[in-house]
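To keep things simple, chains are lettered A, B, C, D, E and F as they appear, and every chain counts its residues starting from 1.
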Amino acid sequence: MEEDMEAGVVKKFMYVNRKQPYGTVYALEVLEMVLISAAFDQDVHLVFTDDGVLQLKKGMDTAAIGMKNFSKTYRALEGYDIEKLYVDQESLDERGLSEDDLLVDVQVVSRAEMAKLMDDMDVILTA
Amino acid sequence: MKFAILVNEGPFNHQASDSAYQFVKAALAKGHQIFRVFFYYDGVYNASKLSEPPTDDRNVVANWGKLAEEHKLDLVVCVAAALRRGIKDENLAPGFRISGLGQLIEAGIQADRLVTFGD
Amino acid sequence: MSLLHTVSKSPFERTNLQSCLKLATPGSAILLYEDAVIGAMQGTALADLVADAAKSCKLHVLGPDLAARGLDASKVLPGIAVVDYAGFVDLAEQASAVQAWC
Amino acid sequence: MEEDMEAGVVKKFMYVNRKQPYGTVYALEVLEMVLISAAFDQDVHLVFTDDGVLQLKKGMDTAAIGMKNFSKTYRALEGYDIEKLYVDQESLDERGLSEDDLLVDVQVVSRAEMAKLMDDMDVILTA
Amino acid sequence: MSLLHTVSKSPFERTNLQSCLKLATPGSAILLYEDAVIGAMQGTALADLVADAAKSCKLHVLGPDLAARGLDASKVLPGIAVVDYAGFVDLAEQASAVQAWC
Amino acid sequence: MKFAILVNEGPFNHQASDSAYQFVKAALAKGHQIFRVFFYYDGVYNASKLSEPPTDDRNVVANWGKLAEEHKLDLVVCVAAALRRGIKDENLAPGFRISGLGQLIEAGIQADRLVTFGD
């Protein structure tokens, strides 16, 4: 990792993804934020809850809607040392999904555990 | 059949404009007529010629312009909604024209179906 | 002829689909597209509500939006037809008018 | 009423208001549509359902949010011969409101009646 | 110190408030503003849910947004405090961080 | 206390920008510092100098510009979000500047609180 750009200030950043990909741009523009915060060497946490769990679904094919499939970017996050990815079990269950449906390794937690994690953050960015 | 199309959301932030575009292409391929495509609410942002998406993504504004040219589509941007949001002749993309809401009502009257995309 | 109701927003995020189902009369057509396609899948928390609606209304879901989201068209609820954009156009043509719940 | 501008074509237009005022611009921009369709002498129906019933609430005061209070416009609709206003009872009930809370005269109908009315329209515009 | 959760969208239109209530831990502050203020009123279909939340979280509602919508500040649910923009600022100051559910 | 503000929705279509403006005014009145106001997603439309609302309504874009001038606020528009949506130097309103997303992350690091308006 590079040296900290902010003279040692490392904050706990959490990005909360609550929306599907493609229907809106949020998933894509959150990824842009996430990649930048890695450059600032912050302690980055990515949360996928509610419809946000669908961002990680395997097997997307966007050819027929004429939009770019950006799901590969989630696989690339590891290369930026972004490894703290959380998904809550209830959101998966509600959508009939399981951990096997996801294209990256995540920590599957309960909503109660996610709530505790969130309480501990310094900066939370949600979309 | 004569379709009128209403697009109510801006490009990129929502899929509405993309869906409308695919619908129009499919309707034209089936031999239907597109009486008019009307852009209202944040839909007026689809007409900004300054929009410059990443080169590896689709270009929503340019795609509408191209389709309009190929099929002589009438793409109308609501003047009242556009003024509020900063869309004027000086940044209007090729293929679009700015006009009044009466153009939407007229489209509703003249077309067989009005199909709305986005809110 | 009856109405085509279209729903584009996720039924997990907004109440548009629920409002649509309250006002769609028996025999009407309903199309789920964009983020709403998740509502057509088997095994979700909304599956009973949607399967029930499919008994009185003609439910459809847009295949291209399923594929984009990695959702398997073979796993949509029974009674829901998968259509493409051309099918969307046909539905609009066959309806008396189109009501977009967004 | 003026002579029909479209050589006698009068269609049944329905405007379906589903959103609160002020939080978004839809209520205001729907009113702009409604006034124009009156100029085209169309058969205009205004429906207020879901949160849309809040557009008609008495006693709005927008001074502290710095936005224009446009609720007077609903009172002016009569002057444009727009008199078919419908509200559904269930939407009022869910929000703890009654017909007395509304600033204009409306027909309060059930959702079933509203559904029938909607089925009969030629053009439906919803926001 | 604990979080301030803000909710601006109507709980009748979107599920943001419901998601917020699932993740807000006891003792957290919650502010309803913009279209979400309807959720603070007595007599709505959501009143029980919100009154229940007010037992474990510190609920607030933005007065200017109530007034704009013609909603009577004297009829908000018991246990919900009405604040103005200055009060919103104070809530943000007193929180460890602010989570916007939008 | 040092606040950073994030505005995620465009003017007029949503109240988010209005609420953020009222919040900033109230924070300044209490003697707080506004480290930066960052505009992301559709929030970048708040910086269009071509926006021309009806004269009997508030002018969201001009209000931000005036407040920035009075209080030396740093109003930053995300360059990537702005390019997609057609906000560039040529239609940028006075008081705003276009810069990278790093400015948002820096604001998150430097400010005591980040408060988000709109989605």
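Rule of thumb we're sticking to: contacts are C-beta pairs under 8 Å (C-beta built on N, C-alpha and C of every residue); 3 or more make two chains touch, one makes a residue touch a chain.
Keep in mind it's a predicted model, so treat the numbers as computed, not measured.
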Intersection of contact partners for chain A and chain E: C, F
Of B-D and A-B, pair with higher C-beta contact tally: B-D
Centroid comparison with chain E (C-alpha atoms), farthest chain: B
Rounded Å distance, chain C centre to chain F centre (Cα mean): 38
Separation of mean Cα positions, chain D and chain A [Å, integer]: 41
Distance from chain C to chain B - Cα centre to Cα centre, in angstrom: 24
Centre-of-Cα separation between chain E and chain D, whole angstrom: 28
Per-residue overlap in chain D, given as positions that touch at least 2 other chains: 18, 22-25, 50, 65, 67, 122-124, 126-127
Where chain E touches two or more other chains, by residue: 8-9, 12-13, 15, 34-35, 64, 84-85, 97-98, 100, 102
Residue list for chain B, restricted to those that touch at least two other chains: 8, 12-13, 15, 19, 22, 41, 80, 114, 116, 119
Contacting chain pairs - touch in the sense defined above: A-B, A-C, A-E, A-F, B-C, B-D, B-F, C-D, C-E, D-E, D-F, E-F
Chain E contact footprint on chain A (complex, rising order): 16, 18, 49-50, 90, 111, 114-116, 118-119, 121-124, 126-127
Residues of chain A defined as touching chain C within the complex: 18-24, 50-51, 54, 57-65, 67, 69, 71, 93-96, 101
List of chain E residues in touch with chain D within their complex: 8-10, 12-13, 34-35, 38, 41-45, 47, 63-65, 67-72, 84-85
Contacting residues of chain F [partner chain B, same complex]: 10-13, 41-42, 45, 48-54, 61, 80, 83-88, 90-91
Touching residues (chain side chain E, partner chain C) in the complex: 12-15
